[in-house]
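Same chain, two partners: chain A is paired with chain B first, then with chain C.
Our next item is the complex of A and B:
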């Protein structure tokens, strides 16, 4: 389980474009692609290489009418998917 | 614009740009004209590429994509090892390539065309021509252009064959240009399987994403799905002197997004008869 103090980083080897309410990710090489819905795109846009996951969670709770418990569970699941797909990784602690 | 005294320069027009290919001999130039079924145009080329044929005894592996094997070095570029190598100087608008002989023999010439796609983008860049190549079939009917897009087995050539009564531009690679945000469809000299391709240009009326079906139907498609499919079919917009990079896929995505915002699109289910034109005519009066 990833810590809420972890800092997610975007993987720059994906081309990203917002199409309406969805966000499309294309791997730089090959045809691999992923799409995010509006909330996924919101989380993606909060990943700036500085915010910790608990700060991103605060952003979600501020933006959407959702309890912190549910938001945390959904966010961690989503972040885990992004990491599995290679769209993000985590800042290594020194 | 380049001026060459060499009489073996084959000048190939693609949209508004002309690529000059300086052939090793008059015979090569004639074989280029035969292959593309297009005479060398009289306009001076925008870029000039001297082509050298390398005779060889080895049997090099031919990749499906020259792009994925392309390497850039301070001396220039190479593709698939030394199958193709060369350089291009955008400021001088001149370059030179060395191509192993096997690449000029049918049916591998289809791979050779990928060099010319890249040369087109080099010319496009030096001329600031707002255009891109896309794997597609293009047809003009009643002065309106229709672009049919799909994967290799989606039916691009089938649509071309079923549209023989109209003006078929190409069944493999078409050119889309923009003037402002107005999109135009153009023929290209590149070869697919359809034998009756004709030159032409016209405003682009619609993009149809192909799907084999049991009836002719036009269906709504989300813009995300349209952009994803278009991105996959756009020929990577890199000049012959450039390699694939992060910016390449980003450019393809932007082009696809731009096209989808400016031209109506539908998913077209079709069966093997020209009746799909009735539903197109009805939808895009």
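Our next item is the complex of A and C:
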């Protein structure tokens, strides 16, 4: 399980474009492609190479009416998916 | 069932978002190809600042793919900076080049900017033919060196030829050369008029009889009986919908072949040109249906024809008309195809 002190970094080899209400990730090679819904896009936009996961979690709780416990579980699941797909990686933990 | 990619492509199409752009960064070129459609244009090319702004606008539009073309892109001294700007906005880049100005340094620049593919003109299987058509002594040897460098560094290479009267005998040898170099090969038999509609250079194209003598498996993607014929004449296309072309001076076209200026990025935003206040020509193009190309719609030559709205526009000024040059080539190609079928049933 990733620590809430980890700092996620965007993988620049993806072209990320907002098409209507979706955020689309085009992979650098091949036909790989992923889409994010509104909440996914919100989390993506908070990943700036500086914020730690617990700070991103605070942003989510501020923006959406959701308990911190549920938001944390969903965020970690989402972050884990992004990492698995190679869309993000992590800076060293503090 | 539709794939996610199909769904995304449909979104681009429905919202008329530019997905792919071909950007001619300069018309300057060390070569002077006998069949080039470009005229000598003024040198007031977009500056680096203007290009940076253009890339930002394209990124915000949703554009993913940019082809950087010329002329010869490396003729611009600031082309490394252009590559860097494009990479910063995370476009997927293809370079369209003569291959005459690529050495180790340029390959490293391309790698750094994540250029995925390089398309290079091949106009003969040897230096005599290639250099003569390009009117550039030494072009062939430079190009071969570039191909080897690019391939060895993992960059995809596609050699593209236009089959002319001057090189038609070498079509099989050019295909063989590409195979030996372990890179892709694509041939085209259409010669486009010049950008001002002057059709004189189309005299360099093959006659019907000459096309009939070609091996159809070497033309386009390989016209082999039972395959590829679905890719026939393009009566209506994504020009002006998900595709655009941009000149070195910032003129915006529906596609780089369909060179009708719908605006200039120097005095209007891309959003204004493409979405908010489209030129009536662009609006008509977007509504154009295959049936509107009435003469071509039911033509028996359609599977063998490669007319497209852009080529027809250059030839006749009307996207709905037949392309006289394409009709000639299609007749020859149908004969070549039928002869091939008789030989290899």
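Criterion: the second predicted complex is superposed on the first by the 92 of 94 C-alpha atoms of A that agree within 3 Å, B and C clash if a C-alpha of one lies under 4 Å from a C-alpha of the other, contacts with A are read in each partner's own complex, and residues count from 1 in each chain.
Just so it is clear, a residue touches a chain if its C-beta (ideal position, glycine included) is under 8 Å from a C-beta of that chain, and two chains touch if they have at least 3 such contacts.
Note that the structure is predicted; figures quoted are calculated from it, not measured.
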After lining up the shared chain so the two structures overlap, which partner does A:33 touch, if you call chain B first and chain C second: first, second, both or neither?
-> both
Partner chain in contact with A:20 - chain B first, chain C second, else both or neither = both
First (chain B), second (chain C), both or neither touched by A:44 | neither
In the overlay, answer first, second, both or neither for which of chain B and chain C A:12 touches.
-> both
Which parts of chain A are in contact with chain B and also with chain C?
-> 12-13, 15-17, 19-20, 22, 24, 26, 28-29, 31, 33, 35
Chain B contacts chain A in the complex at 68, 222-224, 227-228, 231-232, 244-246, 248-250, 252-254, 257, 260
What does chain C use to touch chain A in their complex?
-> 4-5, 8, 11-12, 15, 17, 59, 62-64, 90-92, 114, 116
Contacts from chain A onto chain B in the complex sit at residues 12-13, 15-17, 19-20, 22, 24, 26-29, 31, 33, 35
Give every residue of chain A touching chain C within the complex, in rising order.
-> 12-20, 22, 24, 26, 28-29, 31, 33-35
